[in-house]
Amino acid sequence: MNDIDIAAADALLGTDATRFRHDYLEVRGLRVEFDGFVAVRDVDLTVTQGDLRFLIGPNGAGKTTLIDAVTGLVRATGSAAFGGTELIGRATHRIARAGVGRTFQTASVFEELTVLQNLDIAAGARRRPLTLLRRRGATPPVVERALETVGLTALRDTPAGVLAHGQKQWLEIGMLLVQDAHLLLLDEPVAGMTQAEREETGELLRRIGSQRVVVVVEHDMEFLRSFADSVTVMHQGRVLAEGTVHEVQNDPAVVEVYLGTTEGDLP
Amino acid sequence: MDIVAQLFAGLSLGSVLLLAALGLSLTFGQMGVINMAHGEFMMAGAYTAFLIQAVVGDAGVSLLLALPLGFVVGGLLGLLLEATLIRRMYRRPLDTLLVTWGVALVLQQVARDVFGAPNVDVRAPAWLSGAVEIGGLAWPRTRLFILALATACVVALALAMRATPLGRRIRAVVQNRDLAEASGISSRSTDRITFFLGSGLAGIAGVALTLLGSIGPTLGTNYIVDAFLVVVAGGIGQIKGTVIAATALGLMQAFLEYSTTASVAKVLVFVAIVAFLQLRPQGLVSVRTRSLA
Amino acid sequence: MTALTALVRPGRARTLAAFGLAAGLLLLAPAVLSPFRLDLLAKFLCLAMVAVGIGLAWGRGGLLTLGQGVYFGLGAYLMAMHLKLADAGPGGVPDFMLLYGTGQVPGWWEPLRSPVAAVLLVLLVPAALAALLGWAVFTRRVRGAYFAILSQALAAAFAILLVGQQQTTGGTNGLNGFRAFFGYDLADPVNKQMLYLIAAGVLLLMVAVVRLLTVSRFGELLVAVRDGEDRVRFLGYDPALVKVVAYVVAAVTAAVGGALFVPIVGIVSPADVGVVPSIGFLVGVAIGGRTSLLGPVLGSIAVSWAQTSISEQFPSGWIYLQGALFVLVVAFLPGGLASVAAARFRRRPEERIPA
Amino acid sequence: ACGARVDGGGDGTSAAAESCVDTSGESVKVGFLNSLSGTMAISEQTVHDALQLAAEEINADGGVLGKQLEIVSEDGRSEPTVFAEKAGKLITSDCVAAVFGGWTSASRKAMLPVFEAQDSLLFYPVQYEGLESSPNIFYTGATTNQQIVPALDYLAEQGTESLFLVGSDYVFPRTANKIINAYAEAHGIEIVGEEYAPLGHTDFSTIVNKVKSAGADAVFNTLNGDSNVAFFKEYNNAGMSAGKMPVVSVSIAEEEIGGIGVENVEGQLTAWNYYQTVDLPANATFVEAFQARYGEDRPTSDPMEAAYTSLHLWRAMVEKAGSFAVDDVVAAADGVTFDAPEGEVVVNGENHHVAKTALIGKIGADGLIHTEWSSGEPIEPDPYLEGYDWADGLS
Amino acid sequence: MLELSGVTTGYGRTVVVHGVDLTVPRGALTAVLGHNGAGKTTLLRAVLGLLPARAGAVRLDGADVTSLATHQRVRRGIAYVPQGQQSFGRLSARENLRVVADAYGRDGRRRTDEALDLFPALRDLLGRQAGLLSGGQRQQLAIARALVTGPRLLVLDEPAEGIQPNVVTEIYDAISALTAAGDLSVLLVEQHIGYAVEHAAGFVVLASGRVVHRGSGGADAAAGARKALAL
């Protein structure tokens, strides 16, 4: 199994760290409603660069819906701005062009395309039409570095459809990197990974988080304890608590609805 | 314009479309199979009625026999198609369109070789010929009969899908075959039953059509495009939507035809459907999904 | 390795060789075929042009378009209208309008008097219609079976429309009886041969262009859209745009095929553009191999050829054969015959790959 | 190198390739071109059968100019384009001396330029809309003044004051209705409605509603093919009948009646030039031969008879000319006669049609059509209706 | 209870699982560990018959079920919770359970109630369309659905994935209770080695589709498992 290569990530992230340096995600009064059922209500959230933010909360709390709203997948009211750009109300592909990238709770890569082609496409949204009509020459350097970063160099010509679950998740992270997303919204990125793989992914996320704005949704408390800079807890569509790992863990409301009292070896 | 007469003409056309589309709402709507041979199953139902009449003689008895037997014949053809070809193709829905189109071609030619190219006629029973006079208007009996038949089929199918274990099983298998298998449901037999039912409905539709026109090898091709449009406009997999769409299309065709011509009406109906799908791309009644989830 | 990746990169050398071989064979044909057979081959080449576009839109982009008859028909009718007007001479009225119409040339025919305008319109009208329809349909995320059925309805509507406008479109009769093609006498065998060579050249050009598109990044993007439209959206692309481009390319190849079909065959009628011929275009593509480059072309030519020659001997036998072949190939060999060929090429090296 | 241009330069008159017909052997080839598949197969198969019968008779009778006929049969597949292609093949590849076939006007219009360009001969056996006379086609079915005009005369004679026109949406019905409109205007008949249904249309409730509420004296029906069945069933079901409002049809022949169901059309009128019931010795022989060849239950009809006649007429022309060459045959055509099942027919060498007797028939309970009215003698063909003042504006 | 001998399987031309031998004793939990892509899911699919075994045999209570269809194996007492929070998306949550319960009559209804007792949150969601539930809600539903078949062998593919911590605890407590009562055997794929190994009677570590380590479970076996995995 190939491993994640943090050094390669440095090269990748170093390519353009200035453009969005002072950007942050600012969510104000966000609300999502499905046929009268309010999945997200009055959510305020601010995430800055260098603050690896974890978003937790019971199943059905509205975490995925929040990400959906920010990326234009569901209709929402209120405001969510990144880099001074209002995202709510924009078409999904325009939100992506504003520097917002996400992964999905169930991995979704282009199964018929190779790992390399997946990354190349992710790298290309800002290409001019004429470039699109040309054949890819040499592998673009960003793609090369992304392959190394997520440890898939050896599998570059493998169709993504045959990757194992975890490999697909890494590929997705790689795609976000080459896509040059500066706000990364990751929905349960380490689900299904072994302990060792989680640690590697965590290191990678920490590295990315220092240069980009990153929000991670996870239920794995061990992972959270190791890597979160700050935590937001959602419950029934609202923000229940926010703070450091320590603060949140000791918040009785959070223990009550989410953590439970018997915290063993389990997440 | 005689509004009442046209309303009835529209409803009646709608009921014919509905009969043709109802089976598709199962095989296409539920199972995702684009069965272009559905029209040929209708044709088979119609020829069944013809054969039964040739044997039985009495038009009334033979019609009543033809309805269940047409169902069985259509159903068996569907079963055969499912067992030989379709079952290999559930993961390639668009390809089913092509395969079944090939099957349709062959079935048409079989009919031509067996029954001859000329159309044949099935006599309507005396109690269905002519019209009943109500309120100074003549209501053709055959049309009333088809309306009632379509209604009965819809009610039966809706009940079966909503309220029976079979209905649940059918819907479960369609959504996730592996998961259904892993939940102890035989997807093979469920597929077969579903296809049997959907194709059987085509057989019934074919029997009904013998009351309206002649039957020939190309009977089905006249209905297949319209029937698919009904299912699409209604919202795939939605019986309610199919009923509304068939009725709306029938009425629209009838009224447009009255004020323009049959050809123009047909083109306008197509244009209206394209425009409608602009407003509701998932059809009239749609099930929401969380995409990618 | 999936068939797809194998076909994307069969190597430049082999592609060039296959292309050269095809070009050579096409150039050789006039020397060995009787004028009648050459005419037939020219007609098959026109139909193959439609197949090239379908190969791109369907094979790569997953857009099962059952309505290519519309674009084929637009190209054909526009060309036919021009030829009718040219035959009628400056200010003249086409013969059928004198017979069944008002005896006046309708305004929307007039632009087609100019040969330059005719050529431009043959390219632009279908492209514009495809862009418009594609845009309307794809931005609303109508896809898969919905799109297939809508496109089929479109073909049905188009044919009905043509039939219903007898005074201006010739109705069921269609348009025929052309004497000249841009001034060249269509009864002259030399000119017919010239037409064949034009068709062969245009087809080869189309294949080359589609090949370039396929191996370009656009080609990869098209596959990505086919497999994960929403995902593509999250990468910042507008998938509708990608599909529209493929659909327009397919429309233009079909239209050009139609435009050349007219002088070669001498007639176009609604029976050439409706639902049945539209599905018919797919038969060759599927049998040849939808995802491959030459599969659609060769499949289409082979099917047309078989239809003409087998149906000469066994009218109903052909229908059984066509039906059976189509069913078997699509059901059991989704890659078409191209996948068999590809497998043959690949066999030896693969045996060395350890399991 | 480029070939001839039409506008000057080169030899602009570059004629078609020389005919390749081979008459040196024991036999000579003729082509049959009918739709053996597709929607028109229903009708055209019967024409094909009648042609086959005629060929067998001629061969048994010593052939044409002593040469046996060798039949090359092609399937037009109900598509005009295929007709054009197959006509080309028969002429240039099979080198047949003449081609027999076609049914819809669309198929004839498609073949016409091919026959003219290749200077070959087509014999077309179906009643049609007139306004045509190609030097390379012989029309052995009726033109309008031999079918539609007599039918209108008959209706007028019966006191019909208003008509409703129902037809399929294509060239024959539309042109026929143009003629009917002109006739009606001149004769004080009111046209109260005119409706077209696409070929293959099967839901006639709206059209029948319109017919019903318009309340005409009679309906003039130019529907073709399957639509007739749906139309008449709907007509009956709506409570209409020959008694209430008769329908005159020009495209329903004996073999369609079975498909429609006798009970749905009994008592309705048709206009043709031949019925199976025609009481002539030549017809008795024809019907007997046909049924002996194809089965007792097979009816004979006008287009079949016209097709059968066309092959015999060609033979007579060739023998009169003493040559198979197209020019010679055409030159010899005028005045050629044949004792056809419908009665003696005479070829008009000028417009290439045949003189035919018009018959109005009534559909009987036996499924056959019985002559109600006859023009008595053959009517000279007048495809452009030049002999009719009211038709001045038509062409 | 369940016995795999020499099971080999894969996709298309690629063989993913090579000759795996494995036994799940009655009333005990057996864990399968391994890296991403090691072939764990693939192995489970072979147990269920969703992938045909190319070699080897699957025995259930001594009977060879290798040639049985998946649903037949389920009828014989295997239940499966696949990876990835799968549900019948267009059916309501209630119908998701009923479609399974239908086949078991009264028992089915009783077991539905029992399963809902284990996941009380589901009771409020029964009327909702399953495809619209959150990932964790769907996963709870998936486990409940598996329990409705009244299994003797429960096959779980990373069942805790996506489920909130306190519910995970409950799930494992329930599984422990069921196995302890001796009615249920469990075959578990789990990344949280600590838990899996502690409650397991035995475990295997899979690498590249082969068993590279076997161990017996228990509180102090986790270290051994981690070591085997790190190799």
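Just a few scattered comments:
To keep things simple, chains are lettered A, B, C, D and E as they appear, and every chain counts its residues starting from 1.
The definition used in the following text is that contacts are C-beta pairs under 8 Å (C-beta built on N, C-alpha and C of every residue); 3 or more make two chains touch, one makes a residue touch a chain.
Every value quoted in this text rests on a predicted model; they were computed, and no experiment measured them.
Chains making contact with chain C as well as with chain E: A, B. Seen from the C-alpha centroid of chain C, the farthest chain centroid is that of E. By number of C-beta pairs in contact, B-C leads over the other of B-E and B-C. One finds 32 Å separating the Cα centroids of chain B and chain C. Distance between chain D and chain E, defined via averaged C-alpha coordinates, is recorded as 75 Å. Chain B and chain D have CA centres that are 37 Å apart. Contact with two or more other chains is made by residues 37, 169, 196, 198 of chain D. The set of chain B residues that touch two or more partner chains comprises 109, 112, 261, 263, 266, 290-293. In chain A, the residues that touch at least two other chains are 64, 73, 105-106, 108. Those residues of chain C that touch chain B in the complex are listed here as 62, 64, 66, 133, 136-137, 140-142, 144-146, 148-150, 152-154, 156-157, 160-161, 163-164, 230-231, 275, 279, 282-283, 286, 316, 319-320, 322-327, 330-332, 334.
Contacts from chain A toward chain C in the complex involve residues 71, 73, 91-94, 96-97, 101-102, 108-114, 117-118, 120-122, 124-127, 131-136, 157, 159, 175, 179. Of all residues in chain D, only 37, 39, 41-42, 45-46, 169, 195-198, 200-203, 205-207, 209-210, 212-213, 226, 229-230, 233-234, 236-239, 255-256, 258-261, 263-264 touch chain B in the complex they form. Across the complex, chain B meets chain E through its residues 165, 168-169, 171-172, 175-176, 178-188, 237, 287-290, 293.
On the chain A side of its complex with chain E, the touching residues are 1, 34, 57-61, 63-65, 105-106, 162-167, 188, 191-198, 219, 221, 257-267.
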